[in-house]
Amino acid sequence: MERLSSRTSRRSVLAGGAAAIATSIAPFSIGRAQASKLKVGVLLPRSGPQAQIGIDCQRGADVAINVLKAKGFPELEFVLGDTETNPQIARAQAEKLIDQGIHVLTGCFDSGQTLAAAQVCEQKGIPLVVNIAAVPSLTDQGYKTVFRNFPTGPMIATDAFQLQKELYTAAGKAPKTVVMIHANDTFGASQADAAFGLLPKMDMPYTFVERISYDPTARDLSAEIRKGKGTNADAVWFISRLNDAMALCREMVKQRWEPMGILSSGPGWYEGQFLQNLGKHGDDVVSFIPWYDPNKAMSKAMTAEFTKQFPNLQLNTNHAHTFEALLIASDAYKRAGATDPAKLIEALQKTDIKDNVTVGPGVKFNEKGQNTATRCSAIQNRGGKTPTIFPAAAAEVKPTWPMRGWDKRA
Amino acid sequence: MSTLLDVAGVGKSFKGLRAVHDVSFQVSEKEIFALIGPNGAGKTTTFNLIAGAIRTDTGGIRFAGRDIVGLRPDQICDAGIGRTFQIVMPFPDLTVLENVMVGALHGETDVAAARRRALDCLALLELDTRRHVYAANLTLPDRKRLEVARALATRPRLLLLDEVMAGLRPTETDRMVAILKRLRAETGLTILLIEHVMRAVMALSDRVLVLHHGERIAEGTPEEVTADPAVLECYLGSAPV
Amino acid sequence: MIDRLFGDLTRAGLAALAAFVLLLLVLPGFATGYILSVTTIILYLAFVGQAWNLMLGFAGLLSIGHALFMGIGAYASAYLFARHGLPPIVGLIVGGGLAVAVGAAISALAFRFAIGGVYFALLTIAFAEFTRIMVDHARFLGGTEGLFLPVSAESRQGFDLFHLRGRPEMFYYVIMLLCLGAHALCRWLLTSRAGYYWRAVRDNPQAAEALGVNIFRYRMYAVMVSSGMAATAGVFYAFFYNNLFPEQIFSVERSIEMTLAPIVGGVGTLFGPIFGAFVLTPLGEVLTWAIEWLQHEEIIGKQVKVDGVKLLFWGIAVAAIVLLQPRGLWPWACKRLGLIRAPEDREEGR
Amino acid sequence: MDTVTLLNVLVAGLLTGCVYGLSALGLSVIFGVIRIVNFAHGEILVVGMFMALVLFRWIGLDPLLSIPVVAAVLFAFGYLLQASVIQRVAHLPEHMQFLLLAAIAIAMVSGCLIVFGPDAQNVQLDYALDSFAVGGLIIDKTRAYAAVAAVALAAALLAFFRFSGTGRAIRACADNYLGAQVVGLNVSRLYAFTFGIGSACIGAAGCIILLLVDVHPYLAPGYTLLAFVVVIIGGMGSLFGALLGGILIGVAEALAAEMIQPSLKSAFSFALLILVLLFRPQGLLGKAGR
């Protein structure tokens, strides 16, 4: 199904369809020479199966534009693009955004789509500030223009182990056995590989009893839960997507599986939709994920603006990491003093932001463009909210562990 | 004259219904041999058995001394038997010329040669002026002739013609009769035909076999079988038994 | 030779074809990266569309699992390049051979068991889906974590045809030549014995068989040529995108994507798949512009999702084409523009 | 595997299989009579689910009680779709019908996307998360309801085709199109009626499946594919074949998930499909001779 949609820039929409054609055919150098603001291409899956996440990420960008202005950063102008949840389109859209004169690209949430866009950025010398994408090869393939302030799959797994240790120590109770249930997709499989590889080195109180992988396109996940329950493991560790997470949680209730706790290190189990659809049954789940540090000054500004713009929504990692990607781009522009992509790349390499929103000491990139110091948080679902429980510096509440039984919830 | 086709005691049933039972006959080289009989007599079934479209239950069929039972239709075509279908089966999205070229490619090594041969066959069947018409747009008599041209283009030794005169006007029938006679004279073709149009049968056939209810009831020259009381009976309605 | 291959075109048709090829040749001279990228996708779709059309349009075999053959080519060449450093030509030979063998095996099974029509189509889907799940679990192919082709920043600027490493312009020219080559191949096949036999089998297998056509063999040939072409497209895809994920490569959506251009352009026509690809992709773009303009003029609200509206109209447009021009847009355009000779006029060109 | 686990697996596979069968019944009805492969099957199902969702949100109607409403609306939709659009491609080759229905499917998914957004939504009912426990055997309540509904629906359809005048007339069309025309049946009206019945059936299935699955627009293609697999294994056009096909897949998947790996389970349903296509292309309960 070939669909090449696009969101043209606001400016080109003003001029109508004919001008939009002209913009996209005109050599991009003209557009660039005239720019005074930093033109940022925001390329996200806005339609297709990942549409809800892409649209969610955009909210972080909408928040950033006001917060950064108030904090004295140079002004940003967005040029929006839609990957349609398809790497092929992601590549063409990256080309289109670059033709429209963007100076820096940010996106694309999904690893496959981000990889496709990274190739174009590399070829055109345009910096790509990744908001979310965990596949290690993104920063291992030697791209010179890719910068990622998001942990790789193995980094998330490492943090998940360390945060679990803190959790078990604080709660005074640790599982002896854990069953891993993960989606057999790019994110799930690579993180599960990392977790199984790391476990022996992490000195954990438990062992994995089984690794259960499932097809995320499967219509029915009852067999997966039955098999997990059958292992009699003390705790279960999920790596899933949003829709599977809801189905899996519901199956756990139906099959009356009440382990010591539900651990998760992926999307799904903390998202607004999950909390809303599962209600009390979604409580007590602990997610180990890249998150924002609510105690940082920038986070407070972000939270305030977010609450103003989206009073009915919960701030989450989609918002925070998209926000921070724009913070990084804006910061580099401020220091470079020019929109020239080569100078921006140079500035990005020297990034050293202390006042950021995500967990960890700040933003600094290694020679591969990866921020190795960024950390994950442990958050727990509490009555429709997702407060941080670890690391201690970012904690908002005390953990509930073991989780309450399904029928012992108010 | 040597025997070209030898049908020996073939039989075929469909779901217990006997379509053909113990039918035997021989067709000699360069002969024009007609199969006649009322509707449902088993004529077309006999054709399909010879052409390999359906498989015999019993009996044997030899062509030019070779057992052809169990061969696929295309292998039977390779062996030298060409056929037409009672319900015409043109390739509707191909032109008349292309239709015949499909037949002509059998036995020709290259497309240009097949094209020349196809044009010859079309000329013979007096279809050459219609050669660029899509077969879907042909009239019924033209489709009947297209069937013959196509089968002829495969260079058969034996041509099976299934009611190619049906629906033709008397003058057209006479033209077809003339064409077939000329074919035999010029190429030494052997023809086995099913025909209802007695005018054509009488004019063309050397010998006639009459089938009724899947069984052979008479065989002989056209004059002999038309005089046979059993034949008259089966055609004119049966006398009380 | 020219006569045999292009005898069906009028003077206007030949001129249009020449102008089209010329435009494609000079396009990288003035097109932006985006236009080039989109045209590359269009040409890729035109190429796989021709492969698919060869099976349905010429031989009457409906496949909705063509992503299988494309994926085999993509994965085989990517694997040999990424893990063993072998150039794409080796991948093409191995992947193409494998795809042809798989195509032959599937069709041999299907035709031996007399599976036809929709059932054959569903059989192809079943094999494609089965393969997707198997590749999901094939660790040596990267599984769901993906298979990545190594590519350096320097090679991205180069023009290394042998290793298929280079600038987008190189990939553009490669797929353009493949597309035109496929067009020439289809023309040649259609005017050869196989072409006549395929169309005969498509129109009426029983009659074809009576004329000495081994329908089993010629159907097999069609599947084999088509799967080999699809595998070639896969090799291109792998080296152009450099990242392969099973759910992207082997998905039903990808198979359906291959069928759209030829059906809209005209199944069984030579130029239909190319024409269809060049109509469908811009159609999406035009719809997007139209909707954004309507939103800007506040004729429809901003809260309406552009993508939903676009695909809604896109679906309606395709349905309308099916209902109004069931033989495709290309035959209709030809008649309007006089690009193709009527059969009776072709003789004179010879 | 011990007996209790095996029993749990088999029962759950059976119930899930009934739900699969339920979701595919409508496809079987439409193909069995009109000989059109409905590539918009999953999309109609998703529309049915959304309608039940709206009724629940709007007036708090239990999805099981909304079945008559949803079925009636989808009957009208199916009737009109066949009478106004699909009728016109009946004489065209299969791939054109496929493309037309695929295009309609895209338009329907997009319509859902515009109206309902991309989020997965569900109904929250007290009994939706309940289960019966009999010793070590745990039976999912909603799946049990769905299984009963599936059998009831299949039986009702069967009774309709066997005993009602219209049903018999439709069967006559299915068996002999020309013959039905000759004896004066209004074939195109009966076809439209059949597409309506099939769609109503899909709508009823949608209402029940909403109890089990969160609905979102992109659910549709998966259900279309699933329905194909189920119906081909069971036999195109056979109502109990669809149930049998669903149960076979449900049980095969449950066993494969338990004994091998869940992510491989759909490979087994496709393998089953390939085997059936090769050795019994008319399906397990289908009539021979296509």
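A, B, C and D label the chains in the order they appear, each numbered from 1.
The criterion applied here is as follows: contacts are C-beta pairs under 8 Å (C-beta built on N, C-alpha and C of every residue); 3 or more make two chains touch, one makes a residue touch a chain.
Small disclaimer: the values here were computed from a predicted structure and weren't measured.
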Most central chain, Cα average position: C
Have a look at B-C versus A-C and report the one with more C-beta pairs in contact. A-C
Far-end chain from chain A, centres as C-alpha averages: B
How many angstrom between the C-alpha centroids of chain C and chain A? 35
Cα centroid separation between chain B and chain D, in whole Å? 50
Computed distance of Cα centres, chain C from chain B, in Å: 44
Measure off the straight-line distance from the CA centroid of chain C to the CA centroid of chain D, and report it in whole Å. 32
Any chance you could list the residues of chain A touching two or more other chains? 1, 47-48, 51, 184, 215, 217
Residues of chain B that touch at least two other chains are none
Where chain C touches two or more other chains at once, by residue number: 133, 136-137, 253, 256, 260, 305, 307-308, 310-311, 314
In contact (per the touch rule at the top): chain pairs: A-C, A-D, B-C, C-D
For the chain C and chain B complex, residues of the former touching the latter: 191-193, 196-197, 199-200, 202-204, 206-215, 268, 342-344, 346-347
Chain D - residues contacting chain A, complex: 5, 8-9, 12-13, 16, 19-20, 106, 113, 117-122, 124, 128-131, 133, 138, 140-141, 143, 213-214, 216, 218, 222-223, 226, 250, 253-254, 257-258, 261-263, 265-266
Given the complex with chain A, which residues does chain C contribute to the contact? 31-38, 41, 45, 133, 136-137, 143-146, 148, 150-153, 156-157, 167-168, 241-243, 245, 247-248, 253, 256-257, 260-261, 277, 280-281, 284-290, 292-293, 295-296, 305-308, 310-311, 314
Which bits of chain C are touching chain D when the two form their complex? 56, 62, 64, 109-110, 113-115, 117-119, 121-123, 125-127, 129-130, 133-134, 136-137, 252-253, 256, 259-260, 263-264, 267, 304-305, 307-312, 314-316, 318-319, 322-323, 326
Residues of chain A that touch chain D when the two form their complex: 1, 47-49, 51-52, 55, 184, 212-215, 217-224, 226-227, 230, 242-243, 246-247, 250, 253-256, 273, 277, 279, 281
